[in-house]
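Below, each structure is written out as structure tokens.
The following pair of complexes shares a single chain, chain A, combined with chain B in the former and chain C in the latter.
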Partner chain A sequence: MAASRRTTRRTFLKTGAAGLAALAAPRGFGATPDLKLKKPIKVGCQTILSGPLGGYGEFMRKGAVLAMEEINASGGVGGSPLELNFRDEELKVDVGVKNARYFVDDWGADFLIGIDSSAVALAVGEIMPTLNKILIVTHGATEKFNEDLVYKKHIKQCFRICVPVYQDGIASAFIAKDLPVKKWATISPDYEYGHTSWKMFRATLKRMKPEVEFVGESFAKFGTVDFSSHISKVMGAQPEAIFSTEWGGEAVTMVKQAKLFKVFEQTKAFMIAMGSAMDVLQGLGADYPDGVWASGRYYFGYPDTPQNKKFVETFRKRWQSYPSYVSETSYAALYAIKKAVEKAKTLEIDPVIAALEGLQVDRPAGPCTIRKEDHQAIYAVPWGRIKHDPNFPMPILGDLRVAPTDEYYRKPPFPPVEA
Partner chain B sequence: MGRVLLFQGLVGLTEAMYLWLVAAGLSLIFGVLRVLNFAHGALYMIGAYLTYAVFRAFGGNFWVALLVGPVLVALIGWVMEVFFLRRVYRADVAFQLLLTFAFVLILDDLVKLVFGPVYQSPPTPRSLSGAVMIFGSPLPTYHLFILAAGGLVALGLWLFLEKTRWGLLVRATAADREMARALGVRSSRLFTGVFMLGAWLAGLGGALSIPVRSISPGMGELIIIEAFVVVVLGGLGSLRGAFIGSLAIGLLHSYGIVFLPVFELALAYLVMAAVLVVRPWGLFGVREA
Partner chain C sequence: MEPAARSGAGRAAAAAVLCAAVLAVPALFGAFAQYFALNVLLLMLLALSFNLLFGMTGLLSFGHAAFYAAGAYSTALLLRAGAPLFPAVIAGALCAAVLAAVVGAFCVRHTRVYFSMLTLAFGMFVYAIVWKWTDVTGGDDGLVGIPRMRLGLPGPFDLNLAPLRNYYWFAALLVLASAGLLHRLSRSPLGLALRAIRENAERAEFSGIRVRRTIFLAFVVAGAFAGLAGALLAPLEQTVAPTAAHWTKSAEPVMATLIGGPFSFAGPIVGAVVYLGLKEIIVRFTEYWLLVFGLVLLGVVLAFRGGLLGAAEALLSRRPWMSGPRTPAAASPR
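Moving on to the complex of A and B:
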């Protein structure tokens, strides 16, 4: 526990310094030079906008719109204004592929961003060479996207600006190793994301703390409205702690039902990898049990830098809500596009890809580097414990802990995960 | 292990109760009106939303909302039957399907317009957020309440059909529509009444779901598919079949999660297919002459 605290402080100081440096840099200094690119630059964004997980898409849209408004107010991208278009991904592979084709072939998109589902991210990623546009994923988290599609199959058009399942499956184990529990179980989604996170969590935790046991698991289908049978199955194995990667409205339902089944009284720890997403914090409100460990792909209270504070304030003024993590990732994606295009001084694919590789982006979540080998953005996101603070309209995270990115981001050549 | 499995079964039965309320109305309407109401899941959804709206309007009193919400759904049922369905009784089955499916789309979009596309999650009533120890594990009080509510509805429907004059007319019409009419049963009023009762049952299912489940547009589609499986399994038009069918699907689901998690979704369909091979008219259905 002491070790992780120490890293927290170090990372914190580092990011704080970088944040200040970013602020000192000539941001919005004069008008952006006119690169005489095509006008406007079109960005197609697809995200989940309906159903039990639809809250995510709303937050993603708000972050992207905010970035577009800021960028356009200060001269656009190389003198060209940004134009956004949104479509509902419905978390369906066929819909996702159709949306991507529509954006590029019919609407004339220059860039694609968004995508919540891992399966959709993989399917759209596969067709990016045909469409030959750059895709920046802002949510879908499967490691297969950067490890297989980009690193192994060399699909260079694919990028990801959000932290992948390393946050859910590896950074989580850095927290879990210090908790006074040995018997773990999971209730997680029955698709790529849920299975892969649980596998990474088991592998990492077992390596750091060999005495742990994994006593139960239940995977719920997409669209589950009643987790009762999953909860009773897992609790039947008498775990001391629950690890879950349920998200959005399904996480809200699961926590409500777990409370009814007195799971929080019967276990000593509960972790929800995407539990600090704003729609979960707001959706559960006062019902969110104190002390649940939660994380996301950005948390509005971290890092404590002027740049992050400014983003949170601007977002609140614009949308009357705190930003969720997908708001930050879509915001960061548009700024990454701006920076890369202005560096490449063209919209041609290859130079822009080259500009994105290794690019440093100073985003609200802190400074990040887009790794050249697998086109994955590297930055740190904290885990923390749910607490209720009267100064905030929703529960927030306390006791923030950050694992060092160097240890929790898997690295090329990406050895197989053994669990 | 035995106690854990018994508890798992009990949890499966609570999930079966929501299904029973939807399947009961679906089966009743088919039995009497001979219309396969595709919009029955949408009525379940509307029941959840209207109850939630009443819940918010009346300062968060769940019990008032639970009484009012399903009645509003019955009134929507009245509009559907009197102004629309009545015109297609003599038409081809395809027209009935088209009409009721149109209602699914209209009601889904209406809910999106009024309540937004994102899920809502009302709080559980404090009086029912406790738990009772059964088979060594805590079972939520709300789940016990659901079991009781589903059982009471079953008992109430049985008493209504077997012991009242209206019930007799419903059974007579279901058995032989022409003969009942010849004997002076005013079928149009009976049809409206039965459709409203079916809508009320679906609305009640939706209303009961809101404290524990989150509600969202499209939630009706999930349950209508399972309700169709139940009704086909139990026998079209048979309430007893719908009841037993719901319990069977609930238990299959809940034990499927324990023993055959990879296969759990397909399980219900496999059982339905197996039953249909042996008894094409369902477990409690009547063999058509």
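Moving on to the complex of A and C:
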């Protein structure tokens, strides 16, 4: 938390000023032509900053601040420095809507980014036509955001730069089909994300490997601290493998308790869709059993490219920590804004939307394309197996596997998931 | 209420200040201020309806969000089905009243902590239904895309409420009218009976007041106005989520009332302004707003017993400030 205090509102303003100062000096490499846009360009970011999941917001903030500092140091966006403002989303719909209204109507935001909760993403997405600014979601994963809001309802102000629930429910099945197990069960969160992921997982796996069986399921409500009843219920059905979409502190608790119940000895495979998030890796540490399959929305060890290595190194230097996936997505969101605005050469909404549609963004997670039809960024995120390496302060992923993006990203016209 | 305001002229002045403030917002400020002012007005109405039970009758309800959510969800469903706004809002309040009648039938049999626990239990019961009944309520995603179009009144009154300013006028007037009604109610024979029950339920029973029936009536009226606040929320946010039914939402009118002072009619009004105003200011300066907000609230509750208005009253009547906790029994009769 000591590191987080470094970036107060004042620091942002200073950085903004530094960006302006940098502009005054003649710059060579990396400088962008001055498009004479409004100065500064304001980006409002809302994320969860309080409560047990506050760590997610910290990571998102760090990624966004890093991108802002880099962009401002090299000439800003079309010559205008970026200014960031953060508000606590609290995972509450009314708070999220209020934050969005505050950012646009009062603070004067040009872009909105962030949002962790799917429900908040949907609610804020719905009012974006009224606010008429561009929203780039960096965490909330519900497929309804791109499939319903953008594709079916044509709310063109909404974009998402992170991989949606397809990573949890569909890419996971591509891994699961190659595992030597047939009987699956789940322990997952009792809300939309948990149910949808499980449904997509079953539908996809059944299609690719018809002999699989789904023998048990237990859904734990938000804020569960005791998973023992869920574990015994599911283990009673004698599954060979467990699929879970528990995340954050709840994933940590679930794994620790599953160890006590010897679940990892009694099953042949264990998959945790959000298990490679930095808070889970750090939270479990040495307690993370080897061989658990885990994924996220980005993993710092993939892809093995100079650009990704540079991002991880800069991030570590700036924040003394490896980046979590929300750090990468918020970082990528600001670079997407930069690229689109410089392509559109204006801050007007329609040209910037047109510039974002089909845009190629070279981000740490690899090159991604923002699909025109549903404004969803398409890029591959690996699944991998937990292993312990003395060179890293936390468990890492080995045996990285990537499903082909054109198979695991659902496509328009988005037929209903049948499971 | 302070002596000045206890006179008719004082009350009229206070009401005039409130109305002027409400009218001034769209004239002086932008869209966010209107939106924020509506949030304050809705909490005001919720807290006023809550205080009908708490300050006036001496019953602490921890489940007020259930009625708020009932109003919000039923209005949202009606609007999504294409109903015009005004009938949908009124129907939302009526649905909340029906729910309050069902819940109240159980709750009014008990007093004190048993009443509070029962309301809390029913509140979380409603929350669980909202969370689980995905087909109707949208589960944790809530109901999104609630349209805000025609008002649905005949002739020239059939305004288009899509612009926030128009909706502001409609909702603000409805809240002010409700506050007026609740104020009238607090001075009616029913209000007197409720206060008699608060002071001494047994004596009230002996003097011919049918205690349970009277409390039940208050419970239903409180539920209806809480439902109206929720009904007005749905078109404002254009989305309704289960947090509207959560106990943390029930805690908001409790906090607002304690800050403003439960023993004067205007207490919840002042409290709602201070509660949301403080939060909005603190959030702008620190990400650790919960900590700062908590400390400020602690200070207010500890330093101003009887709420801000209670303290102001004590100060104006030159009574010693900290003359001990003000219990309902110690409240001055009005």
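Please note the rule applied: the second predicted complex is superposed on the first by the 389 of 419 C-alpha atoms of A that agree within 3 Å, B and C clash if a C-alpha of one lies under 4 Å from a C-alpha of the other, contacts with A are read in each partner's own complex, and residues count from 1 in each chain.
Following the convention adopted for this analysis, a residue touches a chain if its C-beta (ideal position, glycine included) is under 8 Å from a C-beta of that chain, and two chains touch if they have at least 3 such contacts.
Only a predicted model underlies this, so the values are computations on that prediction, with no experimental measurement involved.
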Legend entry - Which superposed partner A:Arg297 touches (first chain B, second chain C, both, neither): neither
Legend entry - First (chain B), second (chain C), both or neither touched by A:Phe86: second
Inset, instruction - Please tell me which partner, chain B or chain C, touches more residues of chain A. - result: B
Inset, instruction - Based on the superposed arrangement, let me know which partner A:Ser50 touches: chain B (first), chain C (second), both, or neither? - result: both
Inset, instruction - Give one of first, second, both or neither to describe whether A:Arg401 is in contact with chain B, with chain C, with both, or with none. - result: neither
Inset, instruction - In the overlay, answer first, second, both or neither for which of chain B and chain C A:Phe219 touches. - result: first
Inset, instruction - Look at A:Ala119 in the shared chain and tell me whether it touches chain B only, chain C only, both, or neither; answer first, second, both or neither. - result: second
Legend entry - First (chain B), second (chain C), both or neither touched by A:Ser229: first
Inset, instruction - Applying the touch criterion given at the start, work out whether A:Glu192 contacts chain B, chain C, both or neither, answering first, second, both or neither. - result: second
Inset, instruction - For A:Ile127, select first, second, both or neither according to whether it touches chain B, chain C, the two together, or no partner. - result: second
Legend entry - Overlap of chain C and chain B interfaces on chain A (superposed complexes): 49-50
Legend entry - Touching residues (chain side chain C, partner chain A) in the complex: 30-33, 35-36, 39, 131, 134, 139-142, 144-145, 164, 233, 237-241, 243-244, 283, 285, 287-290
Inset, instruction - Quick one: which bits of chain B touch chain A in the complex? Just the residue numbers, please. - result: 4, 7-8, 11-12, 14-15, 18, 112, 117-119, 121, 123-124, 129, 131, 137-140, 142-143, 209, 212-214, 216-219, 222, 253-254, 257-258, 261, 264-265
Inset, instruction - Mind listing the chain A positions that touch chain B in their complex? - result: 49-55, 58, 190, 218-219, 221, 223, 225-226, 228-233, 235-236, 248-250, 252-253, 256-257, 259-262, 266, 279, 283-284, 287
Legend entry - Touching residues (chain side chain A, partner chain C) in the complex: 9, 49-50, 86-88, 92-94, 97-98, 101-102, 104-106, 118-119, 122-123, 125-127, 130, 142, 144, 153, 191-192, 222
